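As written, the chain order gives the labels A, B, C, D and E, with residue 1 at the start of each chain.
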Amino acid sequence: QGRKILVIAAGQDIPNFDPHVATGYSASFFMRNVYDPLVRVANNPPEPVPALAESWESSADGLTWTFKLNPAAKFHNGDAVTADDVVYSFERALRLAKGNSWMIRGIVQPGKVSAVDAATVQFDLAAPFAAFLAVLPWIFVVQKSQIEANLGADDGQAWLLANTAGSGPFALKRAQAGTLYELERPAGAWQSGAGNLTGVIWQIIRETASQRLALQRGEVHIAVDLTSEDMDSLKDRPGVVRVIEPEYRTFSIKMNTEHGPLADVELRKAISYATNYQAIADAAGYADLMTGPLPNGIMGHNPALEVYRLNLEKAKEHLAKSAHPDGGITLKMVHVNGLEQQRRWALIMLDSLKALNITLEIQPMLWPDMVAACQKPETFPDLFPVYQTANYGDPDNIAFAAYHSSRNGGWQNAVYNNPEVDALIEAGRTEIDEAKRVEIYGKMQELIVADAPDLFGVLERRKLGMRAEVQGFVFAPVASNAIECNGLSV
Amino acid sequence: MALLEIRNLHLAMRSFDGEAHVLNGIELAVERRQVWGLVGETGCGKSLTGLSCSRLVPTPPGRYLQGEIRFDGQDLLAMPDAQVAALRGTRIGMIFQDPTTNLNPAFRIGTQLVDVALAAARRKPEVLGGGGRQAAERLAVQMLDKVGIPNAAERMGDYPHQFSGGMRQRVLIAMALIGRPDLLIADEPTTALDVSVQAQILRLMRSMVDEFDMGVVMITHNLGVVAQSCTHVAVMYAGNIVESGPVRDVLMAPRHPYTRALMQAIPTRDTPRGGLQGLAGSVPNLITPPPGCRFAPRCALATDTCRAATPPLTGASHRVACIHAETVDA
Amino acid sequence: MLEIENVTKVYPGRKGMFGSSAPVTALSDVSLSIRPGESFGLVGESGSGKTTLTRCILRLEEPTSGRIRFDGQDFATLSPAALRAMRARIQIVFQDPFASLNPRMSVHDIVTEPMVIHAAALGLGPRQRTERAAELLDLVGLGPQHLHRYPHEFSGGQRQRICVARALACKPDMVLLDEPTSALDVSVQAQVLNLLGDLQTRLGLTYLFISHDLGVIRYVCDRTALIYRGKIVEQGDTQAVFDAPQSDYARTLIAAMPEVAFD
Amino acid sequence: MTEMTESARAYAFRRGWFRFRQSSLSMLGAVLVLAILVLAVIGPWIAPYPEHIVGGVDTANRFQSPSLAHPFGTNELGQDVFSLVLAGTRISVLAGLGVVLIGTIVGTLAGALAGFFGGWADEVLMRLADLKLTVPGLILAMAVAAALGPGLMNMIIAIALSWWPGYARLVRGEVIARKEEVYVTAARAIGASPSRVLFRHVLPNIVSPIVVKMSLDMGFAILTVASLGFIGIGVRPPTPEWGTLLSVSRSYMPDFWWTAVFPGLAMFVAIFGFNLLGDGLRDVLDPRARR
Amino acid sequence: MLRFVLRRLILLVPVLFGLTVMMFIIARLLPGDPVGLAAGPNATAEEIAAYARDFGLDQPVTVQYWRYLTGLLQGDLGVSIFSRRPVLDDLIAYLPATLELVFAAMALAVVIGIPCGLAAAVWRNRWPDYASRVSALAAISMPRFFLGLLLQLTFAMWLFWLPLGGRFPIILEPPPTVTGFLTLDALFAGDWQAFVTACRHLALPAIAMCLSPLATIMRMMRASTIEVLQQDYVMTARALGLSPRLIVFKYVAKNAVSATLTVIGLYFGWLLGGTVLVETVFDWPGLGLYATQAIVSQDFMPVIGVALVIGLLFMLVNLLVDVLYGVINPKVRYA
């Protein structure tokens, strides 16, 4: 009946509509489609493309950025998007200090975003930031007038729980918490390159097998949470297209470098050599083994880096040099209760460590408990598996979050600290020359491998299942499960 | 032809311990207007005899070995189920011991009476004179009135627990008689009642016998009740009728040693302190009953002949099953 | 021996789901006096308060008002321990021989239990207790071979004998008999009545004999009281009560008594 | 009355055994339970791949369909499902026993005291039991298990916590009923002290319903353990527990159905066995339920 | 009667009060850090603290509890720290789905269980009896979640007869909300197709749910029917010539059903709590799923809310059952 609705099956509910509060891939999906950032990220390797801003330029020192807004841009209620709205949005994000605001914290400062004229926004950065364009897609613009009309006591947060004030290619049509969210293309959508969709449904299907079956039966167009086993069984299914692409999502197992037996680098190396990497890759299915701390393929990654691979002789050598030359100790590994891949890896570690006569005690925990355990080295378990997703396609994202000592106490890097590494990370951050950055990150990778703070695991490929009738999909290795629907057709 | 004639009835009941031979050749003939008292100790088979009269003994565990139960000349044991069922209520009525448990607590007594009346009318239209539910209700009130329930019409809407024990027994009698049966089996109808109420109920039953022109089998273990309200009596012991006949003949001149023992065990006005005669020993096990006369093991007069074969019930109207009957009489 | 003065017992009404029931006056102003060595009969319809009276006498139930004295002692003033000791002197036999024996205890355990409880007062060792149990069984007409059997192996009459044996274990002065034969067949009833009479003469016991069978009361009791709805309506020598009943209630009751007699 | 000379208990037992044997279902239950108990003891020893039980993996052999070498196939880590299911028997039986025993002991004590002495103890207990009835047991167990963290013992405690009021209620009811029995009055009349009455006359006579409830509850305890495992708040890896196995493998259906179906079947058979047995025992031991 | 109902309603208050206390205690037992989870992976310590302040979680437990109680009196069930949505709104959104499922399961159980139990009792020790007993035991022994999986496997994955999960196909416009029960709403809207669709979605979860109450009701019905059949009044009815059909369907059934009624009431509560597993399997957007997710993320306001709602419903249903029991049982009514 002329309606073209794309149905996406996903396991996660959309917890919150406030673009400056919400997190998670489901929320990202929502924000990417209902709101607009200044620039969007697209293509593989990822690159910034115009969104609200039709063009931009930066000063030579990388400190001043100027964005020209697209004059066609207008909010769902028909009002034009102005520089004022952009300024308001950045300030609000910083004020609330929730959601994605951490990406620009310390770089963009309150008062340093200004409206040059109605269609021009200028940023005066506190420091040069190489990844500035890469983080901008995650700061969304809300309509100032609407928020101010519904300010309440909490800066409009309560109002934005159930309402939207965006300019994105789609607007919210109906929301059934826990079941589905339907978006609809508003009458005056201004975005170019739009496909034929009139609407999008985000349907919550918690079981991956159910997602797969729904896809197989044509009940949904895209399934975003499929496992490797699902991908295998979708192979050669008529009408189904599989998207299996490397992405900047690392999986590694952090070790407690500060407290307990693993504070001993020899023991860490012994374990690094004893780990059955192949089994980890097998269990992960569509995945590639990591080569060092940075994701393969990201700028600055060194594919020739020499890393640990299963070698029991070397493992025993290092063990002999440690305080426990005969093993005989018990280590504790935690994992997120219910995360199947982590459970598998825990079991593989248990199996691997038997060769060193080390017992592994596995404890499934709830995520908040795990986060709590990260606060002190004393409470941090010996082995701690983590996924790290690059929120933006820049090495700084992973390097800073996972290895900079300022993050100690948080889950991404609870204990590891090395002043040299810190210095390199900081240098890489503010350097804008790409060649220099590659060099800096190369050095950093070597240092980290020598410290062996992590067991570098795998990069799971992004696994999306799609109906063949979905047209216009272009994979971008950044948050690719938060599907951007503007350009799609069915 | 007698209204009810039980001939040589043998019944076995299966249980965990084995099959008990609980009725061992019952002989009984009941005419209209006769009130037969069936007495004996606990477990001697009185209730099973009574239930047999409308074939209500569950089979299994029960099993009829031989004999016949002739009602109006027809053998109940040879009839198909439906035919026996058709006799119940309209030809053969029943009253049981406990008036509390024999009325359904969840229904108004009016409902219960009317249902019985309607069921009876289906087989015997004259009960309601061809009328329907309204006639049944009228009849029910009438019956309640007849058995002496005051304000009968109003009490139709009451539930059983709103009546006293004696009233409930009256209701049960009304229910049993609503289909105008020819034969009424009353299994210990007054045992659960106080003496004063018992006397009223017995009086009521006697008056009904004449009015309805019925034969009655009244099961009891109280010889006093038998003496006061029965025309005939049959004494049972361990599945046998050992003595039967007109009530006066049997009770004034008991001829079976068991009947005599029973009589001597009841304290009367004239029994001196310590003058009661108990009966030594206990009732035999019916799974492996003693051979011959089942009373022999407790009988002072027993001889080898007694133990050899079950003595038959002999005599014309006063019948006794004991080879020593003459001796006892002397 | 036992003096009951103006005893009243009111059971409070119960709160049901859909309403509450009114309080029941089970005994009102009952006064009786029982002399040592006699058989005192108590007759009444069901629900007239007979059992309630025995429960009050044994202090299984607290009377609402009134006093009960046994051998001059008021039970109300006794401590719980003293009360339990006192119970050795008044014993009771219940109506239903099938319910009053613990199915999980052997006859030996049942009969010796009172002796175990009152071991201190009686001074009997285990061996002596067993011996005495055998004696008691003999006394009530059972044999020592029955000691190690369980209640369900006995007939009603035999069970009632076991109950009597238990009641006699502590050599009581008085036995309350709450319809001891109404669950039994006449032939068995005769045996038990004879046994009770026999024991009374041999041991000098005092009986409070409760029954609703007037014939039995007339046969057993020296004096008799009639109870009706919790009130004593008549009391006196048994003979006198039966021959010349004073109250209407007694007259109807006696008239309704079914007897094997023809005129 | 039987004239047999054998002791009353032997007779009662023979009679019970006769009734029990008559029902082929009860016998089937007894056989199943026996088998389960035997497997619980020897299971880990007769498992073809004992190393998989303690967490060994064989990622080269993932998702093999059932074959002679792997009767129930292999799972996502190449572990032998048959060995895991076999070893899971012990966990389930242990957990079930733990729950039932704790529930019985705590519940019987509480129920006996409440029923026998009444008063405020009774009030408090019954209000607690009411509370338990109103909060669904599974949600309570989930909350407690989530609070305590995964682990066999924690799970047992979490379930037992919502389990004992059932026993308390049963025992309380039975005690109150038994308290009115004539033989209890008889015991009081001969001067028995309250504790004697309770332990000698009341409690021995309510053993049967408790035993029946225990055997019926075994099945439900196993079920609840599995449910928690299924929700994902169960034992810690690598402990093989049926519910956890099932919960992990459900995402591999329908292609690798064997990883889910066999643990589920094991669960069903075990629960069915205990239920059959409990039902049979109830017929024998609980006079009110007699047919 | 009215007084009885009122008294029972008043009695609800202390039980609900106890419930909140208990759930609060359990919530406090949780060693975890729900705020840390809710604040997101990149939050700093100050942000987490601010977050905690937002929700009053920095206050002592007693203060928190007091706030909760006063809020409760005004119909405020607190806020989920995870979604920041008011718990009451969530409950209103999730409850109808659960209720629909529970009612459907219960209706199935009653409609099938009662006649089967009656039949088993009437044909006792013959094949209908054996068949029903074995299947009842098997049904009770079958874990609901496993049955759910098997049903999915068979009917949704292999045969493709019925949908795999969910409540309603998302492409279709659901009928306008009147009761929140999709089946009923579809009927009200006169939308036959929507009704069929809703039923098709309801079928598998309802079957998975209904099995164990069905078996219990059947067993209970059988047992109570047998007990009733052994009552003296049944013998009297037979002896007085009432037809077997009348005896069974009128006289016996009423007595037996009244004994079964209590079980139905108890089971209702049990089902409410037991939807967790089935909802998980079938992705049924109901309270159970909501509670599971709240428990797993240690978001305890929703957990308390769910416990309260289920507790309240349970008690109300049992009150209803007691009233019904009194209506069927004249003895209780007049006592």
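Keep this in mind: a residue touches a chain if its C-beta (ideal position, glycine included) is under 8 Å from a C-beta of that chain, and two chains touch if they have at least 3 such contacts.
Going by UniProt, the chains are D, E = Peptide/nickel transport system permease protein.
All figures in this text were calculated on a predicted structure; none of them were measured in a lab.
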From chain B, count the fewest steps through touching chains until chain C is reached.
1
Shortest chain-hopping distance from chain A out to chain E:
1
Looking at Cα centroids only, farthest away from chain B lies chain A
Of all chain pairs, which one counts the most C-beta contacts?
D-E
Centroid spacing, where centroids are CA-atom means, of chain B and chain D in whole angstrom
51
Return the distance between the CA-based centres of chain A and chain C, expressed in whole Å.
88
Could you put a whole-Å number on the gap between the CA centroids of chain D and chain E?
23
Chain A and chain B: spacing of chain centres that average the CA atoms, whole Å
91
For chain D, give me the residues that contact two or more of the other chains.
1-2, 146, 149, 232-233, 250, 253
Where chain A touches two or more other chains simultaneously, the residues are 207, 337-338, 366, 369
Listing for chain C: what residues touch at least two other chains?
155
Hey, which residues of chain D end up touching chain E in the complex?
25, 127, 130-131, 133-140, 142-144, 146-149, 219, 223, 226-227, 230-233, 243, 246, 250, 253-254, 257, 260-261, 264, 267-268, 271-272, 275-276, 279, 289, 291
Touching residues on chain A, where the partner in the complex is chain E
5, 7, 13, 15-16, 21, 23, 97-99, 102, 157, 161, 176-180, 182, 201, 203-207, 210, 213-214, 217, 219, 337-338, 366-369, 371-372, 401, 409-412
Chain D to chain C touching residues, read off their complex:
1-2, 7-9, 11, 181-183, 185-193, 196, 200-201, 204-205
Chain B contacts chain D in the complex at 16-17, 285
Listed in rising order, chain D residues that touch chain B in their complex are 1-3, 15, 18-19
